[in-house]
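Supplied in structure tokens, the structure appears directly below.
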Amino acid sequence: MSTEQQVLDRIERARRRRPVVREERITLAHGSGGRATQTLVQAVFLDAFRNPLLEPLEDGATLRLGAGEEGVRVNLAFTTDSYVVSPLFFPGGDIGDLAVNGTVNDLAMCGARPRYLSAGFILEEGLPVEDLRRIAASMAAAAAAAEVEIVTGDTKVVQRGRADGCYITTTGVGIIERPVTLSSAAARPGDAVLVSGPIGAHGAAVMLARGDFDIEAAIVSDTAPLHGVVAGLLDALPGGRVRTLRDATRGGVATVLNEVAAASNVAVVLEEAAIPVRPEVTGVCELLGLDPLYVACEGRFVAVVDGDHATRALDALRAHPLGEQAAIIGTVAPEPAAMVLLRTAVGGTRVVEILVGDPLPRIC
Amino acid sequence: MCLGIPGELVGPAGGHDDLALVEVSGVRRRVNIGLLEGQELNPGDWVLVHVGFALSKISEDEAQAVLAYLEGLGQPYEDEIDALRASDIT
Amino acid sequence: MRFVDEYRDADRARALAAGIAARCRPGRTYAFMEVCGGHTHTIYKHGLEDHLPPEVSLVHGPGCPVCVIPMGRVDDATHIAGQPGVIMTSFGDLLRVPGGTGSFLGAKAAGADIRMVYSPLDALKIAKENPDRRVVFMAIGFETTAPSTAMTVLRAAAEGVPNFSVFCNHVMIIPAIKAILDSPDLRLDGFIGPGHVSAVIGCEPYAFIARDYRKPLVVAGFEPVDILTSVHMLLGQLAEGRCEVENQYARVVPWQGNPVALEAIGRVMRLRPHFEWRGLGFIAHSALAMAEEYAAFDAERVFDLPGIRVADPRSCQCGEVLKGVLKPWECKVFGTACTPETPIGTCMVSSEGACAAYYNFGRFTRDRTRGPAGEREVSRA
Amino acid sequence: MSTEQQVLDRIERARRRRPVVREERITLAHGSGGRATQTLVQAVFLDAFRNPLLEPLEDGATLRLGAGEEGVRVNLAFTTDSYVVSPLFFPGGDIGDLAVNGTVNDLAMCGARPRYLSAGFILEEGLPVEDLRRIAASMAAAAAAAEVEIVTGDTKVVQRGRADGCYITTTGVGIIERPVTLSSAAARPGDAVLVSGPIGAHGAAVMLARGDFDIEAAIVSDTAPLHGVVAGLLDALPGGRVRTLRDATRGGVATVLNEVAAASNVAVVLEEAAIPVRPEVTGVCELLGLDPLYVACEGRFVAVVDGDHATRALDALRAHPLGEQAAIIGTVAPEPAAMVLLRTAVGGTRVVEILVGDPLPRIC
Amino acid sequence: MRFVDEYRDADRARALAAGIAARCRPGRTYAFMEVCGGHTHTIYKHGLEDHLPPEVSLVHGPGCPVCVIPMGRVDDATHIAGQPGVIMTSFGDLLRVPGGTGSFLGAKAAGADIRMVYSPLDALKIAKENPDRRVVFMAIGFETTAPSTAMTVLRAAAEGVPNFSVFCNHVMIIPAIKAILDSPDLRLDGFIGPGHVSAVIGCEPYAFIARDYRKPLVVAGFEPVDILTSVHMLLGQLAEGRCEVENQYARVVPWQGNPVALEAIGRVMRLRPHFEWRGLGFIAHSALAMAEEYAAFDAERVFDLPGIRVADPRSCQCGEVLKGVLKPWECKVFGTACTPETPIGTCMVSSEGACAAYYNFGRFTRDRTRGPAGEREVSRA
Amino acid sequence: MCLGIPGELVGPAGGHDDLALVEVSGVRRRVNIGLLEGQELNPGDWVLVHVGFALSKISEDEAQAVLAYLEGLGQPYEDEIDALRASDIT
């Protein structure tokens, strides 16, 4: 083994070490959705709460409930997300439909039919009531579109300067009606990796909406409920042929696929040229020195499916309006385990790391 | 840091004289063109944008020259191109 | 994207790879230093080394502006950021740069008002919007960036923005290259010259490299085809026994540079007698300070600075990496104690730092016997 | 009818009018848990989200889920609360156990056995990681004590000055195992009203912990999980004899009982002398001009039970350590409908209104 | 609680009720004004009217400090709160008081930094903790509270706290009582005198009421037994044909008041020639301003104030309620448009305001034919 | 506003001379006693607290006098007390 190889192996061992939070204080990086978030969640929360349902750290937990003595079971998906996006309103959406769609999508990623949502509001003193009405109206519209009901909630108000207008935490309950075995740990060599549409629009739209960069572009958020397009995919590839579903939110496609590669102990090999990105999103990323692979989507997901049925999966995605521009973007290989590689457009190969640091604006 | 992005001048920007609107893949940003003082700038011209300033005007002729250099590679280039055209890599 | 996509074309890259391989003399190896961190970034981000034959190796140079900031300067900046009423502004790359007393990210978490800007003009705008605060721009960068800082100071002076100042850390590439050329432990066959620095200073200042040190230099653009072309041109000079300064990036770089930019620097800044570079020590006439005339905008005069030199961590080998003497993975802490998440050295922070670029993008591109799905073997065939 | 009577009737009609938010901006009063919160929730959220499960605005929603074709049903309670208490740590607890107990208690009030929690964290940049560890540890301890698992979560970080250290939103799922018909609308004339222990300790403890008032007293929060003492009560009085359970959090006992009186269209008549209040809590209230009836508890609930079984209910409560000081504090009368009256210690009778305005410190 | 519980005893209250009933002359009615809002609060909070026979009615007076602030003064305070760098402090009661341009609560929601304090000393503390802010204490209250404000200003002056000032709205009870005695439309048989005001001014200043207006006055404490005792004492004077100032609250009120407090007021404040009272109009010599000597602490001099008189809303009948001419429920908007949640008048804001006390506590205690579970009939038997 | 609370002096408070510690139902607060200057104050004395200031020293004798007044009500009082003792109201 060459010296360099030894170094690389040493790195891989370091990457698999028990995560430790080294910082004394929470920084924005801990909310990036990338490595620092993972570290914090694992070293603080998982460590304290450890139980078999939480442990996989999937988009949601799957609850298997017994119904009395009959031994009949109901399988539920249960997931929560807090939404702190700034600004509250942005092209293509607002914190309200984001809070509904985001949680609906996490349920969909568990293979569940989303049914019920709760909504906890933390409002900042001074928020215009009219803004809150708009947010509530767009939550209602998003809930109707996703066929879920908001059945319980809570409202708190904090002093001016203790929030940013409005934070919303939605929690979803969905019913898992199909016999799915979806898991980030289920990807196998030979599988195909698909994305349901062009990536990065949500994050780019929110960044521009903040106005900090003085950039104008016709980019609208991709926020949308994904349970419909997911249902089509699951119906087209029954019997465990869909291995993994992950919506590519904070941290983007790169981060989600790193999590899949690590959990499944496989390599994911992406084809740069195959990854759909809208030109305007590319433009914003070039201007700001960002990589679209790390920019959040709120209506796009990554699917790992049986490689033999990749085109059927693609057809199923494309049959739905929200999957019209779906693409096969890569494959799963046995090695190098726990890594994502990218064959670049220019013909090279490089590593795609999980998002590190870089506190981008709050995008969800 | 030394990131420089080619953008197309699409016209003057509001406000200051030194500001112009630049477009990159349909994305527009105001940039300061003070560093190009004395150079003729017209909509349709391309400039290199660095930290909000146009640092340089891009020469189309020279841009073509780089690509033309490849033609000059001669035989190895032709061979390679043929080989590539023959194989079908997904 | 125009002026971008055509330089990322796989066919062109493969043709150049073939051309490069063809120009290598059997049995000989070639080491070229890409001076600029932007080039390092491109090389790894696009996996360009896959297009180079084993005979050609690229050596990463000192041209990463974030990487060369010494710890003491970071501490000074953090000190300023902690003064009452101060808004510290900087480019995003600086957030995680470790000083002796922590990073901006840590200071921000502890309460300092530190804001990322895209342009020094944004910092000036913040100053105008916050007349009761003192707004400091942490200026870093080579000659590429110094003109933007200078123009911003000129505008601040013209508009009379009294609460704006610049903490000037602009450095200059020529003294650094000279320091490397003078160091005994490095064997280089030529230089890939920094394209965007050259857009300001032009190509003439590199003449001494070809003339005095007998090394060819090609000023290069930042797209994959630019870099491969430059390597091809360097090999061409060597094959033909030439030793010149050539300009591959003429679409952007005029031979004489940008006289307006140079004048702006000349008005607003003056040469420092010497300046400390992280890992490289003090280099004479290698950096810029604010000129006397613009003292009111000079954070070094507006604020009392501790100005304490802080030794780099014992385990840090950034100096060797910046000089190209060590490959990133030869540093003992690389990828284990020092990662982009928890950088020990500056080279692990910026995406232009060799260690970060190698860690984030590069760690599977060289000397890996097993390729991903056997693909790398194919692409190099 | 006397003129005065006409006025009173006019007032009652006004009180029953469709709520309208008159303010242009959210104020702290909208988070008080009293009248302004009710108005906001009804006029904005209920209006936008209206559905039969949300409509009763109980402590949680009851979900009746079918299990496949067999027609077997699982009845779940589903509830959410956001916790924004300041300070994060206070005598007797912290935001962590509060966030677990508060949601466990809302499930218990639905008659459910609490089972699963989600936790959404909104962290402020700069929060000491050690504080977060403490919070997570106390959440874990509270979850263990309440026999629930935290099975899914989310972490966001907002910029310094956009939160107050840490906000937590917990959502709970519980299983309703008993055939209960608990509802705020179920109180009937002749019923008895009980409280599970001395009131107001939590709110008083948090107010003092803020240090704004320069007051010292040995008051610790009453935060505790109530499912155990509730279970004892439900077992002692089966068959719908327990009409209503409400934990007396924001707005205190007065507000909760006003909600019950309004929903059930009955009068609740309280006996001032019978209401347990610790002397120190009385002292703080006197010093600050507060009424303990409006001060929040986080481990106390109000039960309305069949009047014929009031003492059995009292015995059941007192049999549990958390109900040792339970008391019968009043009765339900037919008239005046939708009102709470108090027979004062000095022998008079007065109205007890719902909490209006008065932005007390954030206590939950 | 000592000095509290023993005065809330039901047995004692019922005994007094019997004594009061026994002292009423058949066929005659009695109207006593409780001058002080604190008494109004006690009466309603404890349901005291249940202990009074139908012959005795209590009339609420003008002694609610929040209720008498005119809208223009609220607007002035809101204006101050909106000035850059200002922290406005006030007692919690003031938050919802409507001015012409909204309330503190609204101004706070719109961005003003308005903080509740328990004591004027807390406001001074905030000023010391925030030297770069201007901290204003919105001072309201009768003679009870004015000494605390005065002592706070004396301390601010002694300690040299330059960023502290007081927006002085202290009013005086005697001119208000005189205005009521002079109003033609009110028939009163006596006064329940304000106990805590008297703790400062003593009992002597009421002498003119007995002497010139021939009305008995009993200075009363604030617990239920205090008030019932005072009613009993007033009935006693009437029965015996006496007309005196008596002191039921001697445990707290020395006949001569508190000379230290009076001196503090005298040093720091001066009498205003006239002052507007909400609903009552201008009353001569009825309020206090900061003295010339303490001009530096006088918000009226530190800030430019609009000082615009704002007419009360047309529908507001607070003036009549404050004078005791109208019962709260006789105001046309009472309980419908005007509620504690959305007050139109000031009397609906403070818990000492007659309208708020009546709305919150009292609405079922008088003239209800149906009692709750028949209980009221029992307690009155 | 005119809220006054009786509290027991339990001793001097730290800091300023004018500050004393007062206890109400086991709850302690520092109050300013500057308005009682010249009066003798000892632990165990009771004062009336208003907006952070001790406004008045409470006289125990006078407090008893109020309660004694009730005894003086004579017959109506006795009758009432008897009636009350006879009935048993929960």
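Lettered A, B, C, D, E and F in written order, each chain numbered from 1.
Here is the rule we go by: a contact is a pair of C-beta atoms (placed from the backbone, for glycine too) under 8 Å apart; a residue touches a chain by one contact, two chains touch by 3 or more.
For clarity, every value in this text was computed on a predicted model and none was experimentally measured.
> According to the touch definition, list the chains common to the neighbour sets of chain C and chain F.
Correct list: D.
> With one step meaning two chains touch, work out the least steps from chain B to chain D.
So the least number of steps between the two chains is 2.
> Write the angle of the rotation needed to overlay chain A on chain D, where the fit uses Cα atoms and the result is rounded to the nearest 5°.
180
> Where the centre means the average of the CA atoms, what chain is farthest from chain A?
Taking each chain's C-alpha mean as its centre, the farthest from chain A is F.
> Which chain pair shares more contacting C-beta pairs: A-B, or A-C?
A-C
> Between chain A and chain F, what is the separation of their C-alpha centroids in Å?
64
> Just curious, how far off is chain D from chain C if you go by their C-alpha centres, in Å?
59
> As a quick test, compute the distance in whole Å between the mean CA positions of chain D and chain F.
Whole-Å distance between the two chain centres: 35.
> Taking each chain's centre as its mean C-alpha position, how far apart are chain C and chain E in Å?
So the centroids are 72 Å from each other.
> For chain E, give me the residues that contact two or more of the other chains.
Counting only residues that touch two or more other chains, chain E contributes 1, 4, 14, 108-110, 118, 122, 225.
> Indicate the residues of chain A shared as contacts by at least two other chains.
Residues 23-29, 125-126, 213-214, 279, 282-283, 286, 289.
> Chain B: which residues touch two or more other chains?
3, 24-25
> Go ahead and list every pair of chains that touch.
Final set of chain pairs in contact is A-B, A-C, A-D, A-E, B-C, C-D, D-E, D-F, E-F.
> Using the touch definition up top, name the residues of chain D that touch chain A in the complex.
The contact residues of chain D facing chain A are 21, 23-32, 37, 40-41, 44-45, 47-49, 51, 53-54, 60-61, 63, 65, 67-68, 70, 72-74, 76, 78-84, 115-116, 118-130, 132-133, 136-137, 139-140, 143, 149-159, 161-164, 167, 169, 171, 173, 175, 362, 364.
> Can you name the residues of chain C that touch chain A in the complex?
1, 4, 8-10, 13-14, 44-51, 92, 95-96, 105-106, 108-110, 118, 122, 224-225, 329-330, 334-336, 339-342, 351, 359-373, 375-376, 379
> Please give the residue numbers of chain D that touch chain E in the complex, ascending.
The touching residues are 2-5, 7-8, 10-11, 14, 22-29, 35-36, 39, 212-214, 267, 269, 279, 282-283, 286, 288-289, 331, 333, 335-336, 339, 341-351, 353, 356-359.
> Give every residue of chain F touching chain D within the complex, in rising order.
3, 5, 24-30, 49
> Sort out for me which residues of chain F touch chain E in the complex.
1-4, 6, 8, 24-25, 32, 34-38, 46, 48, 50-53, 55-56, 58-60, 62-63, 65-67, 69-70, 73, 76-77, 79-81, 84, 89
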